[in-house]
Amino acid sequence: MSLKVGIIGTGMIGQDHIRRLTKVLSGVEVVGVTDIDQARAAAAAPEVAEVFATPTALISSEKVQAVVICSWGPAHEEQLLTCIAAGKPVFCEKPLVTSEAAALRVMEAEVAFGRRLVQVGFMRRFDADYRRLKAVIDSGRLGAPLLFHSVHRNASVPEGLYTSEMPLNDTLVHDADIARWLLSDEVTGVEVRVPRRSSRGGELRDPIFVLLHMASGVLVDVEISVNIAYGYDIRGEVSCETGVAALPNRPATLISDSNGIRQAIPEDWRERFIEAYDQEFREWLVAAAAGTATGPSTWDGYAATLVADAALRAVSGGFESINLIAKPSLYGPPTAMAAE
Amino acid sequence: MSLKVGIIGTGMIGQDHIRRLTKVLSGVEVVGVTDIDQARAAAAAPEVAEVFATPTALISSEKVQAVVICSWGPAHEEQLLTCIAAGKPVFCEKPLVTSEAAALRVMEAEVAFGRRLVQVGFMRRFDADYRRLKAVIDSGRLGAPLLFHSVHRNASVPEGLYTSEMPLNDTLVHDADIARWLLSDEVTGVEVRVPRRSSRGGELRDPIFVLLHMASGVLVDVEISVNIAYGYDIRGEVSCETGVAALPNRPATLISDSNGIRQAIPEDWRERFIEAYDQEFREWLVAAAAGTATGPSTWDGYAATLVADAALRAVSGGFESINLIAKPSLYGPPTAMAAE
Amino acid sequence: MSLKVGIIGTGMIGQDHIRRLTKVLSGVEVVGVTDIDQARAAAAAPEVAEVFATPTALISSEKVQAVVICSWGPAHEEQLLTCIAAGKPVFCEKPLVTSEAAALRVMEAEVAFGRRLVQVGFMRRFDADYRRLKAVIDSGRLGAPLLFHSVHRNASVPEGLYTSEMPLNDTLVHDADIARWLLSDEVTGVEVRVPRRSSRGGELRDPIFVLLHMASGVLVDVEISVNIAYGYDIRGEVSCETGVAALPNRPATLISDSNGIRQAIPEDWRERFIEAYDQEFREWLVAAAAGTATGPSTWDGYAATLVADAALRAVSGGFESINLIAKPSLYGPPTAMAAE
Amino acid sequence: MSLKVGIIGTGMIGQDHIRRLTKVLSGVEVVGVTDIDQARAAAAAPEVAEVFATPTALISSEKVQAVVICSWGPAHEEQLLTCIAAGKPVFCEKPLVTSEAAALRVMEAEVAFGRRLVQVGFMRRFDADYRRLKAVIDSGRLGAPLLFHSVHRNASVPEGLYTSEMPLNDTLVHDADIARWLLSDEVTGVEVRVPRRSSRGGELRDPIFVLLHMASGVLVDVEISVNIAYGYDIRGEVSCETGVAALPNRPATLISDSNGIRQAIPEDWRERFIEAYDQEFREWLVAAAAGTATGPSTWDGYAATLVADAALRAVSGGFESINLIAKPSLYGPPTAMAAE
């Protein structure tokens, strides 16, 4: 029996998820789509899918068992609350919502419902390299983690569209979420430093350097470079008490030629994380078919929102604290580290 | 619309393919199974599948649109001929058949049918690392290939079950097939050398060293070590006129500890080629749904059979020639290299 | 004609330099030694060398053409001033001196003398890996440097002898000096962060995380871990505008065994920098034979002293500025970057 | 006290050794030179050295304590015999001599003299990477060696001067010598295969593939490519019973740019083996100062001569045996492996 899914938002990412759900994965059927641009929705809809006039119509349709939200961020809160009210599992692309207050309202609704329904689109957690890295750290055989060096480099960003706030409220959330997950920890403070500016990005504040202070005391330093030309390069290294664990180079043919002995670097996030996206939805489908959600939660989306807010404040040079509410038990036990 | 598939043979590999077709891949339904051990077939069958009494019953059932053969080698010829007679696409695990004569009979039947129906289970061709390697060679930017160094190491083999013939008629076929495919070439001669014997394998002839002479003149050397303890290690390097291209290390966490800076090596072929198996069936399903086959063909199974036969003869020290029949046009143009 | 050298201080490092000057290098003769422990001096002295009663006696002896200072830090100022007064080239192990005022007095004397006589023992500048890294950056083909990530890990430090100040006033100077040299830049500010403490070092503040702000705006982050058990691991990576350049792994046999595919890591700084020490003295001998000095200068020793002082202050959490005097022309042009 | 050395032959390699002995190494003085071209000898001679009219005059001069032979191969036999007659330690560039008979005559003279005087210029044995590789194998922790894969690639060879015989009688000797030394073994048979020809070398037989059969049964396969354009690339990998040990990449800055993540490859043997040459002479000087020789011996030169002769015969396709005389005890115990 296939899970019947409805898609809200049929822009680039929505279309890619439709492709994934219809061509790559098993056990799922896309039965409905909607978009503020009805023509785009119709064009993107698989043959058998209905084009709904509004998100609410799609969510409340009896045909639709689970929902994928790919609309723009400001629309997420209402769509999530509608899904929760309908008791339907929902996958929501990042950002979960665009303010702390909105995140708290969604969390309150889900907690009141009494069962997890929301999975947030932090796809790195499904990447095989990150999962192996986490397994090494969790095994404890290198002792406790003390430092995490995270590098986030984009070859380029869309000129004019990508603003100086975005490294902090859009790009950084991936590093912050992966730090929280890798280390089973919470961010309690953020500092930002602005190094020498790259001449490649015009007035864009690039690169940017961020320190995340974790509840356990682990210090996370993040390099964000969004115009580095040579490729999309995601690196991560955790220094523990008796050893160090790091993400490997991506698999690529080892070529010896006049450029040396070398391996290609991914061009962009699509190439780098293509299997992670597939795996993210594979696991979502299993949980959604059981009427619930696993993976990154509303809590994780809430925490990410607070990191982004703090990072934007921290650009002026100070230390910005993050104060999370008490973690509802729906989202698991309190972060162990924080209790130390 | 899902493709309805029947499985012949529900041993270890058959069970793994049932899992793959029901849990991992989309667009397919396992509707029938059969095995010489009916109880095993019943245990392996998905809920909705029928257990057939014989391969012929399964193949001829109207329910079954395409067939997967996982029975033992000597049974393949009859099952393949039955599939071809029925005009049904068939995936056949290696070996295609167990003699040159049988290979020719299957090929004759398929050619008479006039359309490819058979795909043979050479899964390495679907591995992303090998595909990238082939893309580099085919691009021509390193010039023509001249030498190919192929390394095939197993941590261990089942004691007593794995005989001294098997490196040559079972293990080597993977290296021979990948050489033919990577280089778009044919094997025209085989030499075997028997180095110092490992003390780990008792009387087993291990390692073994093989030279494959290709039609183009490319020389392929193959190290086969089947008791090397440390892991399953598949390496390949192609020396071309102006550079060299090689398979990379497998992705694995980069750990710095008292053992040095290091990456884990796969334990066995399941771990190493798990994605390749998935991809192999993904592509088979697409072709089978269209009533035909792509990927490794009856011709490739025939060529592999001749290499294995020649390698067994060559163990006495001589150069053993391989003489292929003229390639039927069903299997593509004559190997370009051979024409030089 | 060999250069006649006298050695002040025959402890561990002094003995090692005597070995280097007598057994490894050409064009040099150790003609005199002295130590506060005369017996130790006598034991360490090569057969042909005279044991002097005091540093001053050694420096002023007509036999001695150039001096190597390996005494403890507080004694350096007087010995350096004596060498400068005598017009004799002198190699001085780090630290140059132990206070800003002392550094200024030595600099004043050397400037008054009118020719460089002092080389400070920052051996990393002579390491082939660092030199190649600098050549890549200086070539400009990756654009301007923007960030430098420097990692300094020791397997262990002498318990009880190594205090919580030493990561900042002893260990950090190597990273600070190499940053200044690699980037042709000056440190203008220092920040220190204290991450979660390793349980391996008792009360020791370890690891420590340092930010060096360079005059050009380049941001340098330094991880100092002095009890990481697995080895002595020095890493460095410079992010530039269009690419990244990093120190490689050390050469070591590539072993595939049950620990994975791996390379050994150096045990300590002696193993890691043995060739750098040789090269450091090779170049010193050439300059000293010409009556002068090249390589790390009194200016570099002065700058290092200010970084160490600032780092010690910065441990309380603030941003600590560094204000250098105007650079005497004896030490080259003003740092270009600083002029921006 | 410095060792007084005379140099025979002041061509490119002779000049390089003069530079090494006068500028790089300690404990040595070049006191005499000679060359068939007296002007060239005079130009190459250090200030303090005498230019001798003939090799015999140089060897017999009381000034000269030890000799370095850099003349052309056919002249070596007479010069070596003269040195042995004079009881003077001699370093002889490869080839030791140019025929089996000549090798036997030199060996007979040295054995009659009763003490080793000759060191042959197989510099790879002094390379730190090869030495570490040998230490791993000799430790026995990977079990017995079974296969050795040796790769010898030159970017290019002098057109017209480098003939199709030279891969076998000039280039191969390095791989053969290093195999004998790494494995503590002797070559007992040689096979040669001629793969597809590179279009870059005109009529040159390139690449060439060689199998060396060792007394222990270890099989050595050698790829020799002398026109591969991209660099000078020396690789070696030893498969043992429970693991594999390989030469690492050369140290080089790790660059991430539009060509991928990469490390430069040496351009030629000078760059690759510069430290090995220095070390080779460092050890020669120690032994020569003691009136004897260590390192590669007349026996090793003799064995290399036989491998080259066998390889030239083997190019016609057959298996060519090598039959060494009984090893004189002067050159150590009989090869242990051969006794199995």
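Letters A, B, C and D mark the chains in the order given here, with residues in each chain numbered from 1 onward.
As a working rule, contacts are C-beta pairs under 8 Å (C-beta built on N, C-alpha and C of every residue); 3 or more make two chains touch, one makes a residue touch a chain.
Only a predicted model underlies this, so the values are computations on that prediction, with no experimental measurement involved.
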Query: Which neighbours do subunit A and subunit D have in common?
result: B, C
Statement: When C-D and B-C are ranked by contacting C-beta pairs, first comes C-D
- request: Starting from the Cα centroid of subunit D, hunt down the chain whose centroid lies farthest away.
  value: A
- prompt: What whole-number Å value describes the gap between the mean CA coordinates of subunit B and subunit D?
  reply: 44
- prompt: Per the centroid of Cα atoms for each chain, what is the distance between subunit C and subunit D, given in Å?
  reply: 38
Field: Distance from the mean Cα position of subunit C to that of subunit B, given in whole angstrom
entry: 58
- prompt: In subunit B, what residues contact two or more other chains?
  reply: 229-230, 233, 242-244, 249, 252, 255-258, 263
Query: Touching subunit D in the complex: which residues of subunit A?
result: 229-231, 233, 249, 252, 255-265
- request: Under the touch definition given earlier, write down the residues of subunit B that touch subunit A in their complex.
  value: 22-28, 128-129, 132-133, 135-136, 141-142, 242-258, 263
- line: As the complex stands, subunit C meets subunit A at residues 143-147, 149, 153, 193, 195-200, 207, 209, 211, 214, 216-219, 221, 223, 225, 227-230, 233, 239, 241-244
